[in-house]
């Protein structure tokens, strides 16, 4: 029986903290399922990259590192029902044994739903953090060192920084 | 610790089969939670009574029989996500130990979601069956004996039979 | 004819202000219907308690004070359509004569929808206020005097304060 | 004060029965509001025409007959909540005095919601009926006489009959 | 072939900036389609006017200026799926050639969806801006000069300023 | 630039017709994206297998045949908006050049949305057809020859035939 773990996130973008957590989960489990949340979003300030783009960037990284066949990429649109969301994700994913997260809300709801939960020890969470990385992009800071280099290349190929700046300008319309 | 069991249904209308199942569950459990499904519907052929009306009719029956303080009435609108619906219901109900149903789909999904399930042995399911009772109403047959008398009175008080006939006429518009 | 009034709220948690308003409504009406809003939420910073928990805590209070058979507890999930929400709630509740609220938005939309509305004179609204009570919990202040004691006991029984602190920590993931 | 009446329908397609009802309403009211339902649908067997196309075809007819400035065309997507749908439509329409329909369900729910309802006396409802007209199209019968000629021209301009045949073939995939 | 352009907005309220953009589009296109967004909202701080009211106020302006027969008013409820929203709007509108907006997010997503986009050069966007106009109303400032006078009259006729003040007071309930 | 094609379906279950179409698409394209529709369903008569199970069964087949790294498996829940569904799927998938289908509705809507469409020449569509295969299962017929053998093994491992029989029995509750 394949042992799998679920790791939900929005991955805006997928950064070193995510990758470090994923690799440590793959030391214990045969496979990981990345549930790519808010999959219906894209080109917004909080979710600048579409789910399709997020799948493509993570796929490029995993292929390069020979991990592609141990990781499932599952886009999951929001349903605005935080508790029912637990089974909504499970319904669309291959069967998992446990859920891993650094987010207390996610840990609580999956525990409430009866699943085994794993609290991720995040590596420098203040530094490796999607919201902060988007802020650094917005302010013209050095964001490339915060994500795997192949992810940085992908973001450049879609003019990601310019996009973040435009969609995060306060709308005047 | 109060021991509770969940019994989902649409209760269009609440009939003798439902009541018999409910009473037998109350022999084993302290309390039962009736999840009144398709709560957003009403005045349609499949769901002629609003959730509010269904709550009122069941409440009248339970008060008469002294069971009102052992039964919770929880309206649950459809979410069109059959698997996530399991936790959607659980989120809105007081904590239950098990789910009881005569519907194989309901038993399967709650088992899938990790809950204890109880297969209800329905009493004459062909006879006591919401869909059939509505057909009998439509055809002018004897439906009053199929529901508790206080339920029949309630249905009469809202002109339920005339309503079923009108909303089940094939729409010509 | 039973005279009923609707009182919508999120009740996160149910506090002295809510209870005072409820009791004053029960002086004029035979029954009150508490529409427990945002029922699909739980374990979030704004809605730490699930609807099931909110029902349980209010039920415990009402049973103790002999009011359980005059109050209906109706969980109502958000539908993100503020105007249609009026009839959404009415569809799931036993028939009411009027809607009571201290929230101008709620009063406006029910008036727009044609219902009789009652503006609640809230008792010390700055003090008795769900959002403020959760802040007090977060900051380790004295929150127990702001809710009925049986509600405080319930919150303790589910480690509510710890929960509020965890889900309101700014997520770093 | 402008006196307006609401007339909901799917108008798949807009036929002589609809037009006759609309004109008789315009004898009594200053303006009519056509709520074009199931607006999110199109290219399906039950809803072959998009809402945009339905607006265009009705607009062409009304302009020709000098009625365009007395009729509002409001597309309304389904919300799968038949009772809340009443206020959902009213929220998106200019203020109306009454709702007119030949459909018992629509009359019931708007009466439930507190509006004045008008039962339309439909002209030969068996003959002028969207579902039947689509069947006639499917079977290669004479459908052009059942709709205003300018509507027939519009349907031809989008290859409507071929479309109905393709999307109503039982899917083999 | 009629040449049409789509102009989406919330129009809370419709102001001089909107009207100036609309008129300049009508210099190039035969017709414009105003997609009135967040159509399910009303009586909230961010969306004080219902879609029906917004349609009425824009209609009054266009009738006065003889533009009513060149502009379509299409209410569009939010679907909380920013990318799918592109085709959601297109499905409900008469066929358009291009989409015009001053909002970078809207321009991005329609370009992503394959449409021709037109970046509106807004006239004094800081000044003519719905959010700012509502703030001015809230603070008792001079807002009437920021909207066409017939729009100001309409807002007065529904006590719009008082409404904005009430629904934007921080809720105490 | 990787050339990709989208192939939507419900895959209940994935059968020889699907596989034959997929392999012929892989002769022309570098990669295919299977959009696994109705992903929120499972344990129902029309959708007996969860999306997670469908992903697992297709994955097993593709791994065995060395095609796993050329095919993306994307679960897509229904949104009940057939036209907006086009961009909903595209938002969650890696960028594709074209959409392939044997279903006229799917071809029409993607053409409407501006995409290149490919009409699949299905191999014996009457025989290889999800609905028919589920009927054969229900009636105890020979269904194993209609799906790849590894898919048949997967279905057996989850007691799929018994499941189809139970959830397709007409509900008596």
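Should a chain be cited, it is by its letter among A, B, C, D, E and F, assigned in written order, with residues numbered from 1 in that chain.
By our rule, a residue touches a chain if its C-beta (ideal position, glycine included) is under 8 Å from a C-beta of that chain, and two chains touch if they have at least 3 such contacts.
Molecules present, by chain and UniProt name: A, B, C, D, E, F = Nicotinamide-nucleotide adenylyltransferase.
Because the structure is predicted, anything quoted here is derived from the model rather than measured.
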item	value
If a chain touches subunit C and subunit E alike, it appears here	A, D
D-E against C-D, pair bridged by the larger set of C-beta contacts	D-E
Most widely separated chain from subunit D, with each centre as the mean of CA atoms	A
Cα superposition angle of subunit A on its copy subunit B, in degrees to the nearest 5	180
Residue-number overlap at the subunit B/subunit F interface, same or different (half cut)	different
Farthest chain (mean CA position) relative to subunit B	E
Inter-chain centre distance, subunit B versus subunit C - centres from mean C-alpha coordinates, in Å	26
Geometric centre distance via CA averages, subunit F-subunit D, whole Å	35
Approximate Å spacing (C-alpha centroids) for the pair subunit B, subunit E	45
Contacts with 2+ other chains: residues of subunit D	40, 42, 50, 77, 80-81, 83-84, 88, 90-91
Set of all touching chain pairs, with the criterion as stated earlier	A-B, A-C, A-E, A-F, B-C, B-D, B-F, C-D, C-E, D-E, D-F, E-F
Residue ranges of subunit B touching subunit C (in the complex, touch as defined)	39-40, 42, 50-52, 55-56, 59, 63, 68-69, 72-75, 77, 88, 90-95
Complex interface listing, subunit F residues touching subunit B	40-44, 50, 77-78, 80, 163, 166-167, 169, 171-173
Partner subunit B, residues of subunit A touching it in the complex	79, 81, 83-88, 90-91, 113-115
Touch list for subunit D against partner subunit B, complex	9, 80-84, 101-106, 108-109, 112, 120, 122, 125-126, 129
